[in-house]
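Right after this note come the structures.
Shared between the two complexes below is chain A, which pairs with chain B and chain C, respectively.
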Partner chain A sequence: MTAIPLLDIRDLTVEFATRRGPVRAVRQVDVTVGKGETVGIVGESGSGKSVTSYAVMRILDRAGRIAGGEVSFSGIDLRAAGERQMRDLRGREISMIFQNPRAALNPIRKVGHQIEDVLRQHAEAGSGDAKAKAVAALEQVKIARAAERYHAYPFELSGGMCQRVVIALALACRPQLLIADEPTTGLDVTTQKAVMDLVTSLTRERGMATVLITHDLGLAATYCDRIAVMEQGRVVETAPAATIFRTPAHVYTRKLVQATPRPGVSLRDLLPDGAPTAAAGRAEGAGAPLLAVSGLVKEYPRAKVGLTRPRAAEAPFRAVDSLSLSVDRGESVGLVGESGCGKSTTSTMVMRLLDPTGGSIVFAGEEIGGVPAARFARHPLRPRIQMVFQDPTESLNPRWTAARAIADPLLRFRTVRGTDAIRARCEELARLVGLPVDLLDRFPHQLSGGQKARVGIARAIAPSPDLVILDEPTAALDVSVQAVVLNLLADLKQALGMSYLFVSHDLQVVRMLCDRVIVMQAGRIVEEGPTAAVLEAPRADYTRALLAAIPHPPV
Partner chain B sequence: MLRTLLDRLATTLPALAGVVVVSFLLTRVLPGDTAAYFAGPAATPQAIAQIRSELGLDRPLPEQFARYVADLARGDLGRSLTTGQPVTADLGARLPASAELTLFGLALALLVAIPLGVAAALRQGSLVDHACRVVATAGVSLPVFFTGLLLVYAFYFVLGWAPAPLGRLDAFASPPPTRTGFFLLDSLIAGDLETFRASLAQIVLPGLTLAIFALAPIARITRAAMLAVLAADFMRTARAAGLSSRRVVVTYGLRNALLPVVTTLGMVFSFLLGANVLVEKVFAWPGVGSYAVEALIASDFAPVQGFVLAMALLYTVLNLGIDLAYGLIDPRVRAAA
Partner chain C sequence: MSATGTPALAADRPRTGVSATLAHAVSVVAGNPVTGFAFALLVGLVACAVLGPSLVPYDPLASDTAAALQAPTLAHPFGTDQLGRDILSRVVVAARLDLAIAVFSVALVFVAGGLAGIMAGFFCGWTDRIVGRLADTIMAFPLFVLAMGIVAALGNTVGNIVLATAIINFPLYARLARAEAAQRRNAGFVLAARLTGNTDLRIVLTGILPNILPIMMVQMSLTMGYAILNAAGLSFIGLGVRPPTPEWGIMVAEGAGFIVSGEWWIALFPGLALMLAVFCFNLIGDGLRDIVDPQRRT
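Now for the complex of A and B:
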């Protein structure tokens, strides 16, 4: 490390003015970043990691202010710098890239113009050469046909492509420090690898320093030199990335390391106190499978409808292309693939919320593929298929208490009658999913993410279903909560003898929870088999690519 | 682009057909006997019956409707019994006056409301924000004719700054040669600054009356849209890239915030068309609004139908324009169209 660090954060404290008085989001944080160094700031939601970076950039929103400490960048005191000086530093000396790249770009301005805006602001280009320089910036982030893409709008580009544009924007003026705030959250695992490799190679090439802010300890350990772990506004540990998985010093870091899904660990290993392992053997499916899908097809028309325009005779888009799969009783099957591969379309059709174009869906010996989606809600088999949704917050009615949400299927299917009986069943379900009974009368906004996830699970198992479709149930949760929820799901399956169809993009999670895995690409199955076999000896190139893209931290 | 235009026009045809049917039926259902009105209070039943058959009012409704539609197809809106002129000629002479007034009021409202809304959003909770709220509340809570009278009282009667509220030009001036029908533009085209000043002086008060009315929704929507945009991720990106605050607010913020404003504009315009009727009355403005009200009171069907149809056409064309403007501002709409 150099004598004077490039970025030196000392004792930084950030406060937010709220209606209930000031709240300290960041408390006495010390972080230093040397020239050319890559430092990771890792923490779960609410740990203050993003706020720290906003404070450095001085782009905190109006309610936030730096309450104490020092921030200096190459000897410049950023706390004392005027707004004009900060504006010159932002984008030219320190840049940022953000989570959710599509939202991070102006939706109604050509991406080329957005890059030009930055170049011109910092006098890196005049009106004559701005376009050529913007195209060059796009080429540097390996965007093919950059001159053409210069004219594209963000909505015309994929998520990964948008993130490349954001990177081009950030690096256009050759800054010395890049702050990457959750740059790959929400991107597919292969896109994540491509983006991270790109950032690493570009910053290394230019000798830039990088701060990587992420909730994913594995990702940080793979790409960073040093890691600062944050918990509730404090840095609890700073350690070299190479050793943090092997010798975590702080209790919280140990918990985080333990909860991070990684090769060679089981579900139980994710929990802090080595909970007793439930009997591993799964109930063998006797006879016919619970769910048998064959030749399932879903097509969407491409043609646009207009009064004066005849329907274009283009072939329809096949979201799901003659797909066949089966789920035995008591089995859990993982459906894996990247966004747009048709896994959610498949699960929605099995749930009978969407009508298939062709093929059959046989559930419990009965053909349900032909029942129109609009009528399936009253079908006698409906209570026996339930679903847990991706976002635990968005999938709960904000005006219903937890008890009301859990009771909803009971009221709808009339499996339990009478107010007292329903309440008793709700309490039983709450105990089953580990939700304290006194939280039942709270509203979703009064519950934490993990508690909301439990409510969603309790609601799904309320009518004692045979098959539960889990649509990325932990994607929106912090790793420590994810560990608990995954274990809960495994226990419930064991206790209640349900089958799971687990839709996910996270192979590590699937490996721990599922007996069998199905890998999908472009609406088709490219590989399927027992989880261990597929993940350890993949046969399809696509599966190999997916596995290679998972971050491999030095364990 | 032409394709989209034709598509859009085609979808408005059913709406216009509906307007034709409804305006015809409404004027027939309304109480009041045209023939009796025109025969005068001393007319004999025979005279009334004669007028009725001359006007074709003794025919069954379907036949009257068929004749009306046939005339319409030839561009004939009938003849006003009050003025004795063809309705098309009457509307043609009066529509530019109304259009000029409405557009002037709308432009005035936009000039004030958008900067006000932006300023209120940028300094939430400040004096500007409160001023914005007060102006907006006052604008919607005062009826237009009342605001009009208030302005006339203050600026003509008390202060004497404005000319008498008696039409588009004072009695001694002659209108500029007709090009667009808008006195402000025509006088400029003719290079006649004297007439321009005179017609500007006449239009300021009624225009202001309409503007105060239109100000409220535009300012409120601009403020709300701007607040939403200020919280957007791309605004943070723009700030983190060190762009100047002017660029961040105008190019990144306002352009995005304008989308809902443009949508509201269509609605505001239709409110203004309604408000126009009263304002024209207060300021003796020779527009279509006062014309239609007079015709309605006289149970004079043809001008009323013509007015309703003209307004429907105007509104349709305006909405088409707004849709196209939307496409210009938002590339996503262009792609979907």
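Now for the complex of A and C:
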């Protein structure tokens, strides 16, 4: 750290005016960033980490205001700076990259032109050399065939590619400070590694300082020099990244470290009080598997280009390509792959919400692949295959109370009759998933993320299914909530003897919950086997790449 | 944030359902006095429509040639028309007919257009094509001319004005409902409803419709003003309601000829009533939008 820090935040307090009076989102936060330093701000949702960065950039929304403290950037008082001065600083001195790269780009302008706009705005380029400089900027973020991609529109580029363009935009004017707000959330793990490696190498090359805002302690510890941990608007601990996993000082940091899935840690270790491990031994599949999928194929016709019809010779796109898998009774199988590999298509077909193009799905000895998805709602096997969705908020009808949502399968399948009996069963299910019974009459917007996840799980297990498909059930949850929900899922499986098909991109999570893992790439299975064997000694190159891309914090 | 209930939530238990919506509505109205004014105006209009005939000082149809074309006085605050009828009484009594036309036409188009749009958005495919092209066809005509054509072809009755007003508003409702339903057709809770054995019809009724309703309510309030204007417009050009029935459009039409000779009050007061009614519904639409907008809930 240098004597005078580049960015100095002292006693920063940010308030939001709400109907119930002012709410303090950030309380007396102190963060300093030296020249060339990378500082991570880590916290769970609602901890005020993004608001802190917005306050630095002075882009708080209308209801928010800086209520106290000082923010200075290389000697300039940012609180007192006029809007004109701030506009000049933003982009040229301080740049920011946001979570959703596609939303940060103008969808109807070529990416090259968008970079030119920034260069011209800050008088870094004239009309003569703008194009050359824009192409150079694209090359710097390691976009292959930059001259060609200069003419691409954002929708023609992948998510990782878009984030690189956003980084090129942010770095175009050689700022001294880069604020990256969850820059890799929503990107695949291999893309995350590529983007983070790029940011680190570029900032090191240019001697830039970086503030990395993330919910992922592992990611921050891997890429940052120092980490500030935030909880409920306060910085509870600031420590060098190298030691934070080894010797977390604050209670909250300890909890966060503990809840972060990492190698060599079992599901129970994620919980603060180290609950006793449930008896391991899985129920061995006696005889035929519960679910047997063979030769499953899903094809989509290629999109028409321009006015011409697709040529007959052009083969349709195969999202899932002759895939076979099986799930035994009482077994948990992980289906792992990056976005677009066909894992969600596969699970949707097994779920019978989508009709396969070919292949068979045999469930409990009965061929169900041939039953049209539209008619499966009335099929006698419907209650026995259920699903827990990725986004707990979106998967609940906003107009239904928790009790109504949980009761829906009971009402439809007529397993329980009578208002009192249904209510009793709802309460029993709520207790089973650890949802306080007095929350049953609340609407989804009155519940926290973890509570909504519990409602979703209770709804899925209500008809006593044999197979539950878990579609990234914890992807939208904070890491401490994730730890609780994963343990809950393991307990429920033990108690109710269900089988899980766990769809995820997170190998660490799969390792803890699944007996067997299937790795998918481009619609095909590239590797399959017992979880420990696959993760310890991967045979396929792709599995190795996936494992290498997981952030490896210094432990 | 703990998984079992944040302390903040436990301490300050959110009110549920109706009372929460009501509290929210009250705070929106308090934060925006214009909305409060619009709701007061609405109460006045509805009172006129319901109690009109028993409130007014004169029989709206009784002519008195001795008192024809009198400027506003204490006895006739809005003056009298060419047949000596009291304009105040006629303006107040006309509220019932004009509001009734608006309410029934909006209710009709809400049911027909809303359901067609939801089906189109939810089922896509052929349903979507048929509803979409039907809406396009209606939009291809100048809407007021289309309404004129419908009333002229079907006959000059109040029922046909209602029908014509509903038909020209059909595309607005169908398209709005289609867009909102299409946005939700693959939402997690719809998939979840499929998994729990719900039929498509039940999903539409319990999952899609209730979630679209608030947006449709805003649209209804906004088109209500438009429907009043449309009905009055049709009457103004001599289609629809016929004299001597008190109706704002006809009264403006009758008074229009007298403006040049200086009797401005005959057209002015029904015109003002018309303006206030339309203004009121548009303001309420804006207010409703604030009430149902989730971003305004803090």
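Some points to look at:
Quick note on the criterion: the second predicted complex is superposed on the first by the 545 of 555 C-alpha atoms of A that agree within 3 Å, B and C clash if a C-alpha of one lies under 4 Å from a C-alpha of the other, contacts with A are read in each partner's own complex, and residues count from 1 in each chain.
Please note the rule applied: a contact is a pair of C-beta atoms (placed from the backbone, for glycine too) under 8 Å apart; a residue touches a chain by one contact, two chains touch by 3 or more.
Nothing here was measured: the structure is a model prediction, and the numbers come from that model.
By the touch criterion stated above, A:T32 is placed in contact with neither chain B nor chain C. When the shared chain is aligned, chain B comes close enough to touch A:I59, but chain C does not.
With both structures placed on the common chain, the touch criterion links A:P398 to chain C but leaves chain B unconnected.
In the superposition on chain A, contact of A:G91 is made with chain B only, not with chain C.
When the two complexes are superposed, the chain touching more residues of chain A, out of chain B and chain C, is C. Contacts of A:T531 after superposition on the shared chain: neither chain B nor chain C is touched. After overlaying the two complexes on the shared chain, residue contacts for A:T18 are found with chain C alone; chain B is out of touch. By the document's definition of touching, of the two partners only chain C reaches A:S45; chain B does not. When the two structures are aligned on the shared chain, A:G434 is found in touch with chain C, with no touch to chain B. Overlaid on A, the two complexes show chain B and chain C touching no common residue of chain A. The touching residues of chain C, when paired with chain A in their complex, are 1-6, 9, 12, 14, 16-17, 27, 187-189, 191-200, 206-207, 210-211, 294, 298.
On the chain B side of its complex with chain A, the touching residues are 3, 6-7, 10-11, 124, 232-234, 236-244, 247, 251-252, 255-256, 329-332, 335. The touching residues of chain A, when paired with chain B in their complex, are 57, 59, 62, 86-92, 95-96, 98, 100, 103-109, 117-118, 121-122, 153, 155-156, 166, 169-170, 306-309.
Interface residues of chain A, counted against chain C in their complex, comprise 18-20, 44-46, 63, 351, 353, 374, 377-378, 382-383, 385-387, 389-391, 394-399, 401, 408-409, 412-413, 434, 436, 439, 441-443, 445-446, 448-451, 454, 456, 459-460, 462-463, 478, 480-481, 484-485.
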